[in-house]
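Next come two complexes, and both contain chain A; in the first it sits with chain B, in the second with chain C.
Moving on to the complex of A and B:
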């Protein structure tokens, strides 16, 4: 098992290096000059612009810039934002708390909705329960999270003349204020997220219920509740874990529009701002962060697989 | 009908509010929205409203605009001033007893250090307004409360420049230790001290107890929240923020007024901002003045202004200067310029004839625009429709800002025609006309032309202190600029601000950069 873990951890390094190379060079090959963005509308001389370019190190050959960036990363320094001049890690750090909390809340909501409803839907296949769950899940897939978010905001505004707080308060500072801001985006995102997982859970349970070992358990006279909870659900969870894990990683940087709708100071909003400003170092840092999340979550899923299915460990 | 009544009521409330003198109350936290975020803290290196709105309350300037009598200026750190008859010496008497937020005393040396930093920035310091003070030859401080600016030649805009909201006065002692100190630190003499800036979220200021104007500021503090677009409109409608000081579209105004009802106060004003069309004069057929003129003449600005004002934040027809400004052309003069006639059919016939003459009757080109909805998209669509009516086929290319700017880069411009903006902190020909100067004299001219006649006229008006003579030179400049049509004005913007009734003491001006120190603002 230890060898398996080390092997998987080592495989992360070339993946992350590949991401670093791609993001660094693609950004610089794309048309546009971040300095032009900084001085847009200002009547400044070419000398001033070139002075700034030199100060930011953007006048150096691309390969030198890349080398310096890599060396910095190895020392835990991701550089400074071209736009704000503040360290990239600082900018990401203050937003990561919010993004992580929304992602965790949405995941918990999604799992709490998807696992029981998906299972019920499979057990009571073609009954009214199944139809109802399918309607709920298909509606969830069809409705974009940001649209649901907008509807939530409009309803709150129309009926209560109230909108969620615009600034973030950490949970341990003021749990009520924290939740009153984040529960709404978590609901909007969690619903769509749960729909994906619900569909997966239903088909997975349906498939498992046809397996020989389930039939054997039933033939042995095991209670139906135990058949479902001990034999079917545990095995049916494997593909659901994958979906939930990947969705979670996506939520860290992918809530671009939802964060705009709720004015959340999260990673997605930072991503959009960095791209709009041509802030190379910030984009690089963010892409790497998301890549690290994806790689780590994939790793965690693999570990969970090994836990849920002992055969994987023995291979 | 209901919407119109609500709006009328809100405007009336604004008027009534302005007319009825109320005694300001002290206390309270003003929450307002800012559509973007300042990249750093240095006034001298910034140019966006996103900077001015949260940062200006921490600083004072030498002079400032009197928002109730704009464009008149009044003293801020200066108590009084005199200008020599030849326009070459400006002497300012400074206020006594002014303190910086760190407790040190403000003196003339701080003014000198500030303006030296702006006009001759030390190595590594960025100053965006060197050009505005190029005519200053020396700054003297005969005593701690007097500062004297000597100019090498007269400059008609100098006094207004001293009221620039960008010229925050810094501490000479701090600058001496570190000329880049203001980039990461806020330390001024302004009505509010700096409390915190949470990147991406908000900015907070607290009342400066030792502020030199006794009893001011009225507010206990302010909280500038970075929020834009629909969430900002929702926040205003819910009363979560009391104002956004840049401007709203007519649709947003109506929505906020509808929700806030009699709590809404609407203030409107013409705006020192316009959208201009720039032609790439390095590219055929835009190197031919007749083609450019034809495209300008084909635009029905009067009809367009009326129609677009219903859906976009544009409303006023004007030339190179904001209509209504003392140096701007009046309507009669305007109508004599190419592209400003009210005879639409006649103008279109003239445009077609010009294109026929130049051998491009079926001209096809791309209009490079930015993917910012308001007001770029409606104005872009309007222009394309106008040109279609003279047989010109235009592709609308709406690009994200980075690509939009790349298309207009100075060394290798690739665009045919582009929709560009011209927005300044005050009405002043020395600022607004920069767009029309030769490209080797102006970094914001994307048309790439060289026209020494325009350059000479610019210099002449800039040094002319006689207002009548300056007005006449400006008309010559304007006629030449519109005749050559390297860059042509479309429709000037209209500023709409909706505030919550609880907010008092704030007055709209044609600039969204001035009047933001919050000294006189209070909460009901």
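Moving on to the complex of A and C:
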């Protein structure tokens, strides 16, 4: 098991190196000069621009820049944002709490909605409950999360005169205010998420209900409620865990867009701003961090598998 | 003596329905999805004749007009007809959706087959590259590619936008197709082809690719839906289609958010258009999978 874990962790390195190479060189091969963008419209001489370029180290050969960047990362230094001049990690750090909180709230919401509804849908297969749940989940796959966010704002605005606050209240300052602010974006991105999990839960429970041990449990006279909760649901959760983990990627994607709608200054907004401003170091840092996050999640899912299902053993 | 007449024997030849008809009978929901897609495609193709107004027609005398007999779905902050913009937006959505999904899936399918056919080192290298591409969420990769490539409009379609949306699909298709192709590689007719001295290219394109068409078709339809969502998201962020071109995502961005209360129709209708389009493709894609190959997992 330990050998497997180490092997998996080592395999991540070439993948992440590939991500670093890809994003670094693609950005630099692209047309467009970030310095020209920075000084756009400003009346500055060529010398000033070239001086700034030298100060940011963008005048050196690409391979040297790449080497310096990599060495910096080894030391936990992702460089300085070309736009704000502050360290990339600092800019990300101050926004991470917000985005992470929305992501976690969305996940909890999604699971809370998906597991009971998916199970109900499977138990009452082909009844009106099943049809209703399936309609809810099919709609969830089709509705873009940012538009759902706009509709939520529209409804809140019309019925409660609520507007997204301009500033973010951290959780530990005022939990209630914080939750009432973030529950809506979490709902907007969580709906799609729960739709996927709901479908998986339904088909998974249906499959498990055919198993021999369910028949055995019924035959020995276990209450149907217990059959479902103890025998069926627990075993049906495994594929759902995978889907919840894999869809976390979609969640990040959904957040990028939804943060704009709710005026949240999180990672997603930072990313879109960095792209609009041609802020190379910021884009590189963010993309690499997202990739690290993503690879770790996939790893965590595999580990969770072994925990949930004793039959699975990694070598 | 009258001869007994032999009883007339009628052979019942099993009637084979046309596959399209068969699909419609077996998968009514999928057929409904297909019907909606066709309707959308017709509207998009004949948009200038279907749409009541020119989508670019600015009319300051009727800005933010509520839905009425003149403007069924109201007008936006420039007095442009929302219905007409939605109809023309279908052009953008379908063009980008189909092109991105088609190129992404095709390159992915060929990559998957090549990877499976050669195996060994080539397979390993290709799979590592696919791992790199898979370690981004779709929209993040698409935004990065848009940032890198900028705009490049050919025949009214932003080619770079198509690339940005199609690229993240390649590794996903490659994975599914590779696993089907791995099984095909072991079949006797591939051995036979190799013994007959056919070239690798010929075996790949003539013997293997035609046999992975089912997963390929299923993935194309499934990804059109995702591509439409991606296009809407990118345009909403101001990184995709730009004004004055009509696009559903673009209609939701910018001014629309400033008029939440005065003009909710600016927000409600384009979103419904996106949802319906994605819904139709999902419905059709799901049924197509059930019909062609229920075992495939996307």
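Quick notes on this structure:
Simple rule for what comes next: the second predicted complex is superposed on the first by the 288 of 315 C-alpha atoms of A that agree within 3 Å, B and C clash if a C-alpha of one lies under 4 Å from a C-alpha of the other, contacts with A are read in each partner's own complex, and residues count from 1 in each chain.
As a working rule, a contact is a pair of C-beta atoms (placed from the backbone, for glycine too) under 8 Å apart; a residue touches a chain by one contact, two chains touch by 3 or more.
The model shown is predicted, which means the values in this text are computed figures rather than measured ones.
After overlaying the two complexes on the shared chain, residue contacts for A:157 are found with chain B and with chain C alike. Residue contacts after overlaying the shared chain place A:260 against chain B and chain C alike. Within the superposed three-chain model, A:135 lies out of touch with both chain B and chain C [touch as defined at top]. By the touch criterion stated above, A:278 is placed in contact with chain B and with chain C alike. When both complexes are overlaid on chain A, the residue A:83 reaches chain B alone and has no touch with chain C. When the two complexes are overlaid on their common chain A, residue A:94 makes contact with chain B while staying clear of chain C.
Contact with chain C, but none with chain B, is seen for A:22 once the two complexes are overlaid on the shared chain. Applying the stated contact rule after C-alpha superposition, one finds that A:144 touches chain C and leaves chain B untouched.
After overlaying the two complexes on the shared chain, residue contacts for A:9 are found with neither chain B nor chain C.
Note: residues 31-32, 150, 153-154, 157, 260-261, 276, 278 of chain A belong to the chain B contact set and to the chain C contact set alike, using the contact criterion stated above.
Contact residues on chain C toward chain A in their complex (touch as defined above): 128-129, 131-132, 135-140, 143-150, 225, 229, 232-233, 236-239, 252, 256-257, 260-261, 264, 267-268, 270-271, 274-276, 278-279, 282-283.
Residues 39-40, 47, 124, 126, 128, 131, 183-184, 198-202, 225-227, 229-232, 234-235, 237-241, 259, 400-403, 405-406, 409-410, 421, 423, 434, 442-444 of chain B are the ones that touch chain A when the two sit in their complex.
Interface residues of chain A, counted against chain C in their complex, comprise 14-16, 18-19, 22-23, 26-27, 29-32, 138-139, 141-144, 146-148, 150-151, 153-154, 157-158, 249-250, 252-254, 256-257, 260-261, 271-272, 275-276, 278, 283, 287, 290-291, 294-295. Listing the residues of chain A that touch chain B in their complex gives 31-34, 36-46, 48, 51-52, 55, 83-86, 90-91, 94-95, 150, 153-154, 157, 161-163, 165-168, 260-263, 265, 269-270, 273, 276-278.
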